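Both of the next two complexes hold chain A, though its partner changes from chain B to chain C.
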Partner chain A sequence: MGYQIDLKKMNAILADLSKTYTIYAPKRFVGDGTFAHIDTIRYGEISDLAEIEFAEKSNYSFKEVLLPISETLFYFTENEMKEADARAKGAIVFLRSCDLHALKRLDTIYLENGAVDSYYKRLRDNTKFILMGCTQSFENCFCVSMGSNQTDDYDAYLKVDGETVLLNSRWEALDDALAGATAKDVVPDFVTENDTVVELPEAVPQALFDAPFWEDYGNRCIACGRCNFVCPTCTCFTMQDLFYTDNGKAGERRRVWASCHVDGYTDMAGGHAFRNDKGQRMRFKVMHKVNDYKRRFGTHMCIGCGRCDDVCPEYISFSNCINKLSALVKEDN
Partner chain B sequence: MTIINPYLPFLSEITAVIKHTDIEYTFRMTYQGDVKPGQFFEVSLPKFGEAPISVSGIGDDTVDLTIRKVGKVTDEIFENYVGDHLFLRGPYGNGFDIDNYKGREILLVAGGTGLSPVKGIVDYFSQNPADANGFTLLVGFKSPADVLFKDDFTTWQKNLNVIMTVDTADDGYCGKRGMVTEYIPNIPIKNVSDAVGIVVGPPMMMKCTIAELLKAGFREENLWISQERKMCCGIGKCGHCKIDDTYICLDGPVFNYTKGKFLKD
Partner chain C sequence: MLDLNTKKIKKNAYRVTKVRGETASRIRVPGGLLTADLLPLIQHIAETYGNGKLHLTTRQGFEIPGIKYEDMDAVNTLLQPIIDKLEINQEIPGKGYTAAGTRNVSACIGSNVCPFATYNTTAFAKRMEKEIFPNDLHFKVAFTGCANDCIKTRMHDFGIIGMTEPQYDKDRCVNCQACVKACKKKSVDALSVENFRIVRNTEKCVGCGECVINCPTRAWTRSPETYYRLVIMGRTGKRNPRLAEDFLVWANADAIVQIVTNTYKFVENYIDRTAPGGKEHIGYIIDRTGFEEYKKWALEGVKLDQRTIVKSPVYWGGIHYD
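Let's look at the complex of A and B:
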């Protein structure tokens, strides 16, 4: 159902929903950015629509709501383990079309690839997704090339227009709350063009894994992992145990975000590691995003948000890399 | 609906400890349930972490885990196992399917601790020699001091053709010396185009052994390998074990060579 409602009234509805849901949305954190004197936009709790940064792309994605940067799995003593409690409240997440497509990638890994991940599932089942529209493409976005610029898969769409709010709801509880609002046809804003266009490679032959092309990335990449941490479709983690020093006997096991660009990702006993060369790490990530994942699951993993390009301190462009790779694949054929 | 938590380990009693070398012990652990050779458990030690360890033997209500002491988790296991239990989760991975090898001529080549994941296969054919059309076990260790499963070798020698070699040894050593690859050309194989080759060990050893087997006339589709990679979950989530579109923890660690040869880290 589509609705039009006064901004103040909508905020009151959100205040009411926040009794049962924590509301997460992209927010501006002043002076907190990767580069000096630059703000960062990342996810945080909100209680009023005015707190949401609608005008710009968020530097970090929504994924930390479902996959916290560090998540306690269980607590232990010498002989006992106790599962960490789930968040008491459900979650409402504001996000754009590309990120809703990223959600499907997270679902595939955490719900379908091997055993169901109970920690992900318990958060996921309790989360509602509210779509934010895009009236224009941002810098480095290539969602149109990845087919993630549009979506139908939201619980609600919300747009703030001055002092009114336009909504499209597929969520009964919200429909009930909006019972007094004016009915109105609302069509979400989607972009249909980006400045950045990528051509995706057809099946990349393995011979190209060793192409000199990757060496350039080997020379430039500093293995900081930021491209992985901002990526809404990067899902890797490492296990970490810690114990509380007061008695040394109790502690917890956590999982923390991991990055395939950072040293140690493949380290095995005996000091053996794979992909010591940073160019090969770039190759590994790129292949996962636009080749391997598709071979396994049928769609590309990358959703074209361009955040990796935005964040890289070495100005390495992922979209550029895909285009060059596609050209190489064509040459090769 | 309650969802099973795949990360919560269960408590398993240590019923026996077999010491092979100073740094390699087999822990016999209570376990009830299905398990195959080549599958692995995550051995979980609160405060220290987890380590994937292959099943090196399967008993009625037990599994054997042969652990090499190399770091944080494994050091702690060796130093404090007197606590008489460990935590486990698993088994994970596909493991070896013994049915694929029944009735055939088998050459199993293992290097060092690589013998662990295939030991269940050797045990099976040692107990059921009529199920194979000839079975040769070729194993290499670094030195006489590194030899694992000494007692089992005595048993295996009764029914199987066993060749054990060490890379280097003092002058007084009377056993065989040299790399496993040197012995392959002289192993009598009745029908090499149908013979099965199983190869597990350090990456370099596997590479050279496979090359030698292919040279001897083994067919790629009759070769089987097991891969080791860093693993943090064992269930397709953490990403560390991924190679191309393959998750070693889910699709492996055992691969037919026709698939395994295409894995490129």
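Let's look at the complex of A and C:
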């Protein structure tokens, strides 16, 4: 159902919803960037629509709402353990079409890939998703190539137009709250073309895994992991079991984000690591995003947000890598 | 027949050169940053009144050699748009640069361009220029964006080295240890890991921001306030060249400006009036009065940030040839 409502009234509705939901959206964190006087756009709590950064792409994705960067799973003493409490409130997340497609990837990994991950599920079940439109493609976006530029899989669509808010709601509680608003047909803004166009490879033959092509990345990549951490579809984590230092017999288990580019990712007992070469790490990531995941789950993992290209301090372009790989695959055939 | 007052010439930023009849015009560029449209104006002066050559000075200025003394007025007229654009504190418009005592306030490229810089060095240099120019006293002030000290502030009377106080959000940390490695290899090894989280040794940390620069998740960010290390009384020269030593650490900008202006009063009071040309390096004056006396003058009325560490007494080393 589509609505038009005054901005102040919509903010009042949000204030009301925030009694039961924490509202997360891309926000500008002033001076929070890598370098002096550089801002970061990333997810944080908001209480007013004015706090949302609609005009720029967020540097980090929404995934930290559902997959906290560092999450305590349970506490333990000598003979007992207790699961960490779930978030008291539900969550409302503002995000763009590409990220809604990324949500499907997270769901696939955490809910449909063997045992259900209860820590993910308990956050996910309690979360509503509000779509932010895209009136223009940002730098490095290639959502159209990945088919993630459009979606109708949202709880609501919201657009701020001056002092007016346009909404499309599929969420009963929000419909109820909007009962007094003017009915209006609202069609979400979606982009239909990007400057960056990516040609996806057909199945990549095993022979290309050791192609010299990857060596270039081995020389360029510094293994910082930024591409993984900003990626809305990277889902790897590692475990930290720690003992409280004043006691030593009690502690907690945390899970924290992991990155297949960062040293230590393939470390095994005994000290062996099987992907020390950074070019091979790039190969592993690229294969997962645009080859292996599809073979297993039917869609590509990458959703084309281009954040990896935005953030790489060494100017490695993931999208260009896919294009070069596709050319190699064609040559190989 | 030339009949010149060389003292006035020097105060007008012209050099009495070794070449009889020829002077050199010095164009100060505070903070070392200028718009490229000024270059043709400088070129025009050099080609019209100089010998067509330019010297890039160590203090981020241009020196135009080969100018006839009688052309100084004409050159001053041509300097005016440059002086206006650079927002130089000028005594009499149209009469060129004033003062050759206090030297150009220089700055590294700073946060306009450099990834390591913690602040806009040019902006702070220009703020200092407004406070201390024109002045006959021999002061050298330089600004550098981080502890790398590319402008070599430690060879100045006042060196201002940018610092940021790293802020750690433990819940954003993935223990990748990029910060630990960077701090160990590029800085002072102030970070360690305890229970998968980073511990910063605040005694060792120099505020360079390598942890912030290398953090992939924004667990490390910069403090909203920029802090500065104020190093004082470095110098080159014949008697006792030495590096500047720390006076304040984690200082605020206002305190630094006030300490520099306070020092002018100190020098006015204690300078050796018989010194050649009426100029004496501040450091030698402090050597004579003792550090405690200088400190009293320098910190007069200064409001220090609660984080600021005052190093006292300050001892200098260097090589003694005297």
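The rule is simple: the second predicted complex is superposed on the first by the 331 of 333 C-alpha atoms of A that agree within 3 Å, B and C clash if a C-alpha of one lies under 4 Å from a C-alpha of the other, contacts with A are read in each partner's own complex, and residues count from 1 in each chain.
The definition used in the following text is that a residue touches a chain if its C-beta (ideal position, glycine included) is under 8 Å from a C-beta of that chain, and two chains touch if they have at least 3 such contacts.
Not measured: the values here are computed from a predicted model.
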According to the stated criteria, A:17 is in contact with first (chain B), second (chain C), both, or neither; which is it? neither
Tell me the contact category for A:111 with respect to chain B and chain C: first, second, both or neither. neither
Tell me the contact category for A:173 with respect to chain B and chain C: first, second, both or neither. neither
Thinking of the overlay built on chain A, is A:160 touched by chain B (first), by chain C (second), by both, or by neither? neither
Just chain B (first), just chain C (second), both, or neither: which does A:42 touch? second
In the superposed arrangement, which partner chain does A:328 touch: chain B (first), chain C (second), both, or neither? neither
Contacts of A:69 with chain B and chain C, given as first, second, both or neither: second
Partner chain(s) touched by A:257 [first = chain B, second = chain C, both, neither]: second
Going by the touch definition up top, name the partner, chain B or chain C, that contacts more of chain A. B
Using the touch definition from the top, say if A:211 reaches chain B (first), chain C (second), both or neither. neither
Looking at chain A, which of its residues have contacts with both chain B and chain C? 240, 242-243, 258
Which stretch or stretches of chain A touch chain B in the complex? 73-74, 76-79, 81, 83, 109-110, 113-119, 121-122, 206, 209, 235-243, 251, 253, 255, 258, 260, 265-270, 272, 274-275, 280, 284, 287-288, 291-293, 295-296
Sites on chain B touched by chain A in the complex: 3-9, 11, 46-50, 68, 70-71, 74, 83, 87, 203, 228-230, 232-233, 235-240, 242, 244-245, 247, 249-250, 262, 264-265
Which residues, counting only chain C, touch chain A once they are in their complex? 111, 115, 117-120, 145, 164, 170-176, 178, 194-196, 209, 212-219, 221-222, 224, 226
Chain A - residues contacting chain C, complex: 29, 31-37, 40, 42, 60, 68-70, 224-226, 229, 240, 242-243, 245, 254, 256-259, 262, 264
